[in-house]
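The following pair of complexes shares a single chain, subunit A, combined with subunit B in the former and subunit C in the latter.
Let's turn to the complex of A and B:
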């Protein structure tokens, strides 16, 4: 999976988990690689974390569990984790 | 492989004591006259053929066949089949797409008590061969030599064959009515097809119990090579009613509307896809004739389709629920019932039906559980498949694997297949509820929801949709609608496909869809 594809997958997962949390400016900056989003900033509840993990699994095949998200903390860390699992 | 062409041989040359008489049938009759009765279908065909009040057996564009003529063809064909080497101890395959010829061969084999299986022309040779091996099919009757299979004798049936068989006679036949007469495969939409063996008594019993009334003319749009279409045509003939066939001598062939109008069809059997294309759209020209009953079965009948027939005028839509293992289970006219519940009606009088919990305890109306049924004509298990038999046949009941509930008035609501029920982190989700919401969108022609397995979350619900011609809709719009209508039960991904994969009965084959939904990983 290319970096750009992975970024899109993470962005779509964020949108599924917290609808409306990512505005156009954030989206463009994130896709361009210039924005690392701190998950704490999005105030994700347990349901949102579950939705994020489901979306990531559907688009990448990589399994994440909700508690991992708190440990990873940011979108950059999540991307690294997915890339490692994809090998 | 040997292909034997009966017309190439002189039938009299090989004649035994009485020229052309089918000796195997005679011998069988003599040996078993105390125990066995005349084959049920043969006897019934004989009865209708001498009834001056009987309607035509078959009508089709450019041709009408009386019961007497049909009986003659069947007996000629039976005599030819005996001369070809067909015996009650051997299974015969039928690979014939043409409706009338297929029916004649099928009736002839029933007449002889020779077990039969349809090896459809639309299946690839490898698939037909697999089923032929499974059932130890010794001989295949074909009308096109290209449909012969390696390692199996093939008997080529041509118009000349039957004409030359005129001077053969098939003696009165007696065969065990409880021996296997027909093999069918289960629909196979959820896994490997299982084989169902029906005796002639079961087929006749199902025919007898069908809610058919004198004077009815039935048209099936499905190919005669498909189980429901073949058996319903046989039921019709068994009951002395007229079967309307699509094939005929007219070119171009008539469409369903023209056939119904031209031949006075009173009963039209279709699948959901066909019903959708025949549903009235508000214009007078789109209405099927008033008085026509359209029976739809095979899969979930969406609310919108029920509404279209109820409000559109003309023909009435009936929803049928059944299983090949037990026959018809229930049906309902959509005018009479609550569409929102998508009920399939009250069970037929001869069918016992219960909704049970996991422990097999019967549940009261309103509670959702597993459906179990039993009927006089149900099979006792699958052919040579003890594992599947143990799973689906328990304590004298057949468990079709459907989840349902009963209304206070006794109507059955189907919620989905137990196998298809998704468990997303403990949330139970049925595909039908997702499909209903998506199909409410005017652009969506059909939806199929199913699970992508997840080690962490259990089943992730996803869906594929097929759009009406000339319409467009964005995935985001469908996702939003699903979220609004279903909340956490909404599909997590929706893909729009040009067409959903379907089997010959029009059922969506969901196992073929998983790849389409997760292919971009």
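Let's turn to the complex of A and C:
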């Protein structure tokens, strides 16, 4: 999976989990690789964390589980984790 | 008289054996689906979908059935949690049954009482296709002899501005078709209740359908709603005109938010400024998810009764909570 594809997958998962969390400006910056989003900022409840992990698994085939998100903490860390699992 | 919904089962009393057989089929289907899951996310996906649709009776049935499975069965912790948070959690003389009229429209009714003796709640779901809560938790608060519930699901996640696929291609067409199907005025009372992105559509539907009451819980503000309409190349004028209209009788509109959730307070206050309405800021609540917060306080049934302005269990009037001078409710 290309970096750009992975960024889109993470962005779409964020949009599925936390409506309104990513505005147009953030989206452009994020897709360009210039924005690392701290998950703590997003007010993700348990439902949002589950929806995020489901969306990631559906789009990348990589299984992240909700408790991992707190450990990873940011979109950059999530991308690294997915890339490692994809090999 | 019935509420006009196909299939016409409004007054057919379901035989217990038929209900038991359907519940057993549902359980076997559940086991097959769960048996195919290979990851925790696949399990969660099924459980979340079920939470959006199950009735209280189905939860009790699944709880009993899954209790016979091994302790490490993946369904056991899920159903235990679902069961534990049921606000009333007792079998009722008649139970809600679900009929999926369309993919995006689910009806919950006991079907044994005439609509003119019941209140119809038309629910406009938010982003996760639920009214902030698993459906059985909400239904468990309501006496099925007194309430029917319809839930519209916004699978397009566009705040119903592109309508509901099986009802109409835009909000106005969908609501017009809903009026034909549901005949809300056949009921003793009809109320629109929307959460999150379903909040503003619920208020608009209450005005358009001439309902007694419309409730938005943590809804987005109208400016954001119309911006989303315009960004999709659609005309926002009819929505603004509807919100500015003052048909008689005008519904009681209620805008609810957590008092400590800054963004939701801004959105609720802005909406409240635009239309005659009551603004309820819930004291000490810093969450967007006001209804789960009320559940955690042990106050969900009382809070629902206050929002609906009627008892959930009888025809009696409902007691209201204290209101602080700044408008916050306790």
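FYI, the second predicted complex is superposed on the first by the 87 of 87 C-alpha atoms of A that agree within 3 Å, B and C clash if a C-alpha of one lies under 4 Å from a C-alpha of the other, contacts with A are read in each partner's own complex, and residues count from 1 in each chain.
In the analysis below, contacts are C-beta pairs under 8 Å (C-beta built on N, C-alpha and C of every residue); 3 or more make two chains touch, one makes a residue touch a chain.
Since this is a predicted model, take the numbers as computed values, not measurements.
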For this session: Scan A:53 for contacts with subunit B and subunit C and give back first, second, both or neither.
Result: both
For this session: Check whether A:84 is in contact with subunit B, with subunit C, with both or with neither, and answer first, second, both or neither.
Result: neither
For this session: Would you sort A:2 into first (subunit B), second (subunit C), both or neither based on which partner it touches?
Result: neither
For this session: May I ask you to decide whether A:63 touches subunit B, subunit C, both, or neither, giving the answer as first, second, both or neither?
Result: both
Exercise. After superposition on the shared chain, which partner residues are touched by A:71: those of subunit B (first), subunit C (second), both, or neither?
Worked result: neither
For this session: Go through the superposed model and pick first if A:45 touches only subunit B, second if only subunit C, both, or neither.
Result: second
Seminar exercise, completed: The intersection of the subunit A residues contacting subunit B with those contacting subunit C is 47, 50-51, 53-54, 57, 63-65
Problem set entry | subunit C to subunit A touching residues, read off their complex | 39-42, 44-45, 48, 126-128, 157, 196-197, 220, 288-289
Seminar exercise, completed: Contacts from subunit A onto subunit B in the complex sit at residues 1, 16, 47, 50-51, 53-55, 57-61, 63-65
Problem set entry | For the subunit B and subunit A complex, residues of the former touching the latter | 425, 452, 454-457, 460, 462, 488, 492-493, 517-518, 520-521
Exercise. Taking the complex as given, what residues does subunit A use to touch subunit C?
Worked result: 19-20, 43, 45, 47, 50-51, 53-54, 57, 63-65
